[in-house]
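Same chain, two partners: chain A is paired with chain B first, then with chain C.
Moving on, here comes the complex of A and B:
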C-alpha cells in the first residue's frame, strides 16, 4: 500500500470507530457527525459516506445536516482555534475592538483560517460566560474580561505554541 | 423499595459529614463557565501543587456557580466543623497564601474575602448573605449551586436530593404529583410562560404506550446562561425533575438537549445521568417500584432555532433543526412521532422542591399568576454581573440598581435588553417594571429566559439593534423565506443607517419587512424578528433620526469597525 492509501485507510478507520463507538443509545446522522467532528475536527467526504451507510441514509441526507450547522468544517482544522464572542453582552462592553485586535495580531481581515494552517479564528454568538464579557476562547479554554491588549497577547502566545512557530 | 433509598441517604450523610466535619479542610472552587472564563482551572491546578509542596492535606472540589460571577474565580474554604470563608477574584498567586496562611495558620485573608457562609471563629467577616447581590435572593432552583460538587450524586442526596422522587414513587399517585405541579402555578421558564401543569396534563391524557419528556438546555440567547449554570452547578435537580415529570405524565423516555461544544454542562449532565442509573434512580423499576424511566443527553450543532420545540425534535432525530408545522402539537405528535412534553431546564429544576414542599408553598411565593422565583442573568454595563434568583414581584429597577449595583463609572443606564435578541430593548425609564410574566408582556417586553443585558448612556441603540438583527439573520434556519430574506434585508438597512447613509424611507421599509416576517414565518424567530427594531424605534426614535437626518451618531459608539459572521446556513 502506498503512503497516501495508508493515510486514507487510517482516516477511514478513525471515522468508522468514531461512528460505531457512540456511547449514547440514540444514534442519528447528527450525533454521528458530531462524533466524527470530535475525533477529526472536521467532516471529510469519507465521513459523509460512512455516516450515510451507518444510518441507512443517503449522502444527500447527510450533506443536508453538515451544511446546516456552521460548527461543521469540511476541511481539516488548523492547529489552534480561537473563538471571539460578538454577541450583544460582549458587544456592549467592547467586543468589537477586541475582535479587531485579535484579527490584526493574526494578520487576518475576517474570521477564517490563517494561510499557514496554524490558526482558525471564528466569531461565536455566545460562549456562555456573559457576566465576564468580553469573552474569547483558545482551544476551548475560556478567557473573560478580554481587552484588545489581552486578546493580542493570547493570539501571539497561541501562534508561538504552534509547531514551527518562532517562540 | 424505600429501604434502598434509605441506605443511599445514609451513605450520602456519612460522606457529607466527612467533607464538612471530617479531619481535613474542604476547598470548593467555582468552575462554572464564569469561573472558567476567569481562570478557575489554573486556580484548581495551583491548589494541587501548593497542597503538595506545603504538605497540607485538604479536599479540593470543583463546584458550580454561587451567582457572583463578577468575583470569579471564587474559592470557598471550610475548616472542619466551622462555617465557610468565600474568597473572590483569586489568582493563582493567592492560592499559595491561602494554603499557608488560612490552612496552615488559621489566619483569614480579610482583603480577599467576599463573605462568610455560616459562623467562622476567626476574624470579623461579613456574611455573604449581606452582599447586595445576595441579600434579597431566594434560591429554589439554585439551592445547591456553588455548594455541592455537581459530579457527586451523594452530595445532592445529602442535601435532600431525590427525596421528592422517592416520596412520589412510594406515596403519591401520578395524578397527585401532577396536581402538586398544577397547584404550584409553575409556568414555563423557557420564555413562553405556559403553565407547566396544563402542559403535563396534555401528555398525561394520551394513552400512547411510548411518550417522551424533553428538557431543553439549548439556550442560545446571548446574555442568558442560567440553564447552563444550573446544569453545571446542580445537574441532579434537573434529572430528578425530569423523572418526576415522566412519572406524572406516564412517559418512560427522556432527553436533555444541549448544544455541542458547551463541554462543562454536557459533561456534568452526562455524569449525573450515569450516576442516577448506577443507584437505581433511572432505568428499570426505579427504587424497586413499577416505574421505569430512561434518560439520555442529546447534542445539537450550532443552531439557535434548535431551541424552538419542534426544531429541537428535528435535531434529536438527527436532522436540520427547522421548525415543524403545528398542529399536530407535540403532545400528540412529537419526537419520533410520539407524544412529547418539552420543558426548559429551569422549569424542571423547580419540580423536586415543589413535590418536596408542596404546590401551595410554591404558589405562595411570587406575584399574582407568576408564582415562584425568577433566575436572572445580569450582564453588560453593571457593577455586579452574575446570576441571581429572586421572588417574582420584585421591581426590575431594584434588581439593576441595588443587586447589580448600578452602572459602573457613575454613568447613567440607557436601556436594557431582555428576553433574548428577539425581546428587543427597553429604555431605562421603562425598566420600572415588576418582575411578572404578564406585566412584562403588557408593557411590550419579554421576561423570557431571564437574560438581562444593561447598556450605559454611551451606547448607540441603533448599533445594538444592528447586532441583534445580525444575530437573528445569522441564526435564521432558512425554512421560511420571509424570515430568511427579511432578516438579511433588515440587516442591510440597519448597516446603511449605521454608516449614516440611511434615508427617511428606510424606517417604513423595515416596518413592511417586519410585517411580512410576522405574517409569513412558522416560528417565533421570524414572527418576533422585527421586535428588536420596533422596540428601539419606540423608545429611541431620536437616535434613528440623528443617524438618518442629521447624519451623526449621538454617542459615537457605532463609529468603530464591526464584525459579524457572513456565513449563512446552506
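Moving on, here comes the complex of A and C:
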C-alpha cells in the first residue's frame, strides 16, 4: 500500500470516528457534517460519502446540505484564518477601510483563501465585541479598535508566522 | 362515484374526489391553472407559487397544488388579485431566467438571425434556446399577460454549459430551480443522481462536488429532461429541431411495453422520444434504451429492395421475384427440414401468422421467437398456477411489502419494473436480491445473497425449508387451493440446512432472514429471470420460486405474485399465440392430441404433431444439417450477442435462408433472399407486454423507402402463394378476430374493444394556444390485460383472485440439487460481471476525450476475490492481477470480499460506462453489442 493510500485511510478513520462519536441524542446529516468540520476543518469528498452512509442518505442528499451552508468548507483550511467584522457597529466606525487594507496586505480582492494556502480571510457579520469596534480576529483571537494600519500589520505578522513563510 | 364532492373554480362547478388537490381537480376538469413546479406523477412541491388561488372564506393565497379539495369549496383562480399576485411571482422568476424575449411582442416572428431591436443578447434569446416553441415557462409568461418591462434586474449567470456527458446537454443559465428534475430522479426513479445545490439566489441543480453525471449515479433514463419546463435540460441529438408531428408507438426494446411518443420533423425523422404520461405500463417513464436507443429509426442505410442471390451475389430484385423464388423453393423443405425464427418485435398478429405459416403451410413445429432463451421461466408459471404469464401488473409491485429478485438484471432488462421496486423499498418494503452478480438493485437490497454458481436451486430449497420451519406457510390457504404439498414437504424435510449453507456458501442466518422477510412481511412478490442458471436447473428453479409464492399464499392480491423478467418485446405475445415450438396457440403442447385436434377443427387444416425445436435447437440443427431451410423474421440481438452460440456458422449450413431485415446484417452473406423489413414504429397490430396487457400499436409513419414491408404482409403473401388454407387476411383486425377464436385468453379481444379501453385525457395539442404542460397527453390507451371476462370486454389485472384455472395450484416438488459444472482446466474460476449506478469508494476519474469531447470514465478495475481463492491464486489485497477470459482480459487490483462464494471473481462496472458506449451506437437493438452480465470462465494471472 502506497503512502497516499495510507494517508487516505487515516483521513477516513478520522471521519468515521468523528461521525460515530457524536455525543448528542439526535444525529442528523447536519450534525454529522459539523462533527467532521470540527475534526478536520473542512468536508472532504470522503466525508460526504461517510456521512451519507451513516445517515442512510445519498451523497447528493448530503451535498445539498453541504452546499447550502456557505460556512462549510470543502477544501482543506488554510494555516491561518482572519475574520473581519462588517456588522453594523463595525461598519459605522470604519470597517470598510479596514477590510480594504487587510485585503490589500494579503494581496487579495475579496474574501477567500490565498493561493498559497497560508491565509483565509472571511467577512463576519458580528464577532460579538461591538464595544471594541471595528473588530477583527486572527485565528479566533479577537483584536479591537482596528485601524487600517493595524489591520495591515496583523496580516503581515500572520503571513510571516505561517510555516511556508520562510521557504 | 359515491364519494364525489363538488367544488367550484371561478364559478364552474366540478366533481372531484376527496384526497385530491385543487390543482389536480382543475386539470381533471380541463380548467387551466398555471403551474411550473407541479408535474403529474410527482408529489406536489408548492415551490413556484404559480398556482396560487384564493378560497372564499379562506385566508391568503394558498398554492392550488397543495390545497386539498373540500366539499363546497369555492376557489377563485382568474380573479384580478390572484392574477396580479401570479404576475409578481413571475417577475421574480424571470429575474433569474433570460427574459428579454419572453415579454417581446415580436417573439412569434423572430428568427435566429434577425436583428434584435431590443438588444437582447444572443445568449438570452428564445430563438437560440433548444426548447423554443415547446417551453412551458414561456407559455406561462404569455398566459399571464406580463408587462413588457420587468422592474427587476436580470443578469446572465455565466455558467459553463455541461455538454460532455452522454446524451444530455445541460445549461443551468436557464434553470428556474423548480425542482422537477431533482424530484423525478429521487421520487420517481429512486436514483438521487442530482440534488439542489447552494441556496437563495445561487440555488441550482447539480451533483455532489459538481461531478459529471457519469459519476453521480445517473442511469441516463432521461426522466429529468422529460419534466424540465425550460431549456436547461435537453436531449443532445436533434437538440434544435421542433416537432411537426407527434405519433405514439410502443418501445421495441423490452417486454414492459412502454408507450412512447415519437416527435417527428418535416422529413419524417424521429427527433425525440417522450414517454407517454398516461400509459398504464410505464407512467411517463422510459429508460436509456427507450429514450435514446431509437436513433436507428433515422438510419439512412435501410434496406429498400429485396435482394436475391444470383450467381453467388446478392442482387436487387422486385418483391414479386423474391416472393416467387421463396414460394418455389420452400415446398422442397416441407416438414422438419424447415424452421422459422421470429424477432421479438413482431406483433401478435405477425407471430400468429408466423406460427400458422410454419405449421400449416410448411408442416413444421420448428419455430420460436429469438429471445426465448429461458422458456422454463414461463412454463413453470403455467405448470404451477395455470397461466403462462406474470400474475400481476407491473406497478402493483409498489404495494409489495417484500420483493425477492432472483437472478434478474431488472434495471437493465426491464428497466421500468425496477421503478415500483425501488418505490416500494423507499416506502419501507424489504428487498431481497439473490444473484452472484452485483446488479443495480443490490444497492437497494436489505439482503443480498450470493450463492455459489450451480447451487441456486439448493438455496431456494433452504429458503422454502425455513419458511416451513418458521411456520410462515399459509397452511389453510394451501389446503384450500393447492394440490397435496406432501411430496414437496418431504423433499424439504430431507434438506440439511447446515449443508445447504455450506454448499451454497450463504450463511444460514441469511437464509433464515430471507425466509422471514418473504414469509412474514405481508404481501410479497417475486421477480425472476434464470440468468446464469445452469440449463438443467432452470426448470426446477422456476418451479421452486412458484412454490415459494404459493406456500406463502402470495397470490391474487396487488403487491403479491410472481413476474418473469424476459428479454423480447413481445415474448409474452409469442407464448400466447403459439409462436413457440411445441406450443399451440392458446392450447398448450403440440404433442397433446386433443388440443391439436381441437385446433385442427377450428382452423380446418392439419397440424404437425412433433415437439419441434426452439431457437437454440434450430441453430444446432441447422449446423448439423437437419434443418435445411429457414426463415428469419428480423435479425435479433439474440443472434449477435453470442447467447445462441456461433449463429453465423450455423446458418451457413443451410440450403435456403430467407432473412427479413431492416438493415443489411452480417447474416446477409449467407442468405439466399434478403427482404426489407419494417421497424416496429411502422407496424400496425397489437403487442402483449409482460403484465399480459394487450396494447394497440399503430404506425407512427409509413416505411420511409416504401420498399420495406412488415412481416404481416410477407407471411400472408407467402401463405397464399404456397396454397395454404387460412391466409386470406387483409387487416390485422381479421387476424385478431381469429386469435380471439383460437386463444381462449384472448376471447373478446378485438381492435374495437382495445380502442374502447382508452379514455380521453385532457390535452392541448401543438397548435393549442394553451401552455404546453399537457402537450403529450392525449388519448390514453389502457390496453386490455388478458384473460378477458366474457361479454364485458374487461381485462384481468390480477390473476387468480378467486381460483386457479387448473382447479388447484401445483406445488411442484423439485429435487433440490446442485450442478457442479465441470471446471474447464484452462479456466477454473468464474468471472461475475456486475453493473451499478454508483461506486462510492472506487477511484473513478473522469477524463475528457479529446476526439469526441465527451467525458469518459478512467479507472482501475477492482477485482473481488474470496479469501480462500485469493490464497489459492496466491494474490493478496492490493495486488495487481490479470484475469483472462476466453475473448477478453481484465486488469485490476485485488480486493478481498467475504460475501463472494469460492471460485467466483467479481468485477463491477458503471452504468455511466454503458451510456458512453451506447451513445455512439445506432444499433437497432442497443444492447446487442454491449457485454451482458453473463458469468464467464476465467483464470488468474498474477502480474509482477
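We take it that the second predicted complex is superposed on the first by the 165 of 167 C-alpha atoms of A that agree within 3 Å, B and C clash if a C-alpha of one lies under 4 Å from a C-alpha of the other, contacts with A are read in each partner's own complex, and residues count from 1 in each chain.
By definition in this document, a residue touches a chain if its C-beta (ideal position, glycine included) is under 8 Å from a C-beta of that chain, and two chains touch if they have at least 3 such contacts.
Please read these numbers as outputs of a predicted model, since none were measured by experiment.
Engineer: In the overlay, answer first, second, both or neither for which of chain B and chain C A:60 touches.
Structural biologist: Only chain C; A:60 stays clear of chain B.
Engineer: Now for A:49: first (chain B), second (chain C), both, or neither, which partner does it touch?
Structural biologist: second
Engineer: Go through the superposed model and pick first if A:93 touches only chain B, second if only chain C, both, or neither.
Structural biologist: It touches chain B, and chain C stays clear.
Engineer: Which partner chains sit in contact with A:74 here, chain B, chain C, both or neither? Use first/second/both/neither.
Structural biologist: Second partner only, chain C.
Engineer: State whether A:17 touches chain B only (first), chain C only (second), both chains, or neither.
Structural biologist: neither
Engineer: Of the partners chain B and chain C, which touch A:157 in the superposed model: first, second, both, neither?
Structural biologist: Touch partners of A:157: none, neither chain B nor chain C.
Engineer: Going by the contact rule stated at the top, is it chain B or chain C that touches a larger number of residues on chain A?
Structural biologist: B
Engineer: According to the stated criteria, A:143 is in contact with first (chain B), second (chain C), both, or neither; which is it?
Structural biologist: It touches chain B, and chain C stays clear.
Engineer: Using the superposition on A, tell me which residues of chain A are in contact with chain B and, in the other complex, with chain C.
Structural biologist: In the superposed arrangement, which is not itself an observed complex, chain A uses residues 64, 67-68 for both chain B and chain C.
Engineer: Please name which positions on chain B make contact with chain A in the complex.
Structural biologist: Counting only chain B, the residues touching chain A are 33-34, 36-39, 41, 69-70, 72, 219-225, 228, 255, 260-263, 294, 296-304, 315-321, 377-381, 385-387, 417, 421, 451, 453-455, 459, 464, 467-468, 471, 474-475, 477, 560-567, 569-570.
Engineer: Under the definition above, what is the set of chain A residues touching chain C in their complex?
Structural biologist: 1, 45, 48-49, 52-53, 58-64, 67-68, 74
Engineer: Over in the complex, which chain C residues touch chain A? Could you list them?
Structural biologist: That would be residues 192-199, 206-209, 216-217, 838, 840-841, 878 of chain C.
Engineer: State the interface residues of chain A toward chain B in the complex, per the touch definition above.
Structural biologist: Counting only chain A, the residues touching chain B are 24-26, 28-34, 37, 55, 64-65, 67-72, 85-93, 96-97, 99-100, 103, 110-111, 123, 125-133, 135, 140-145.
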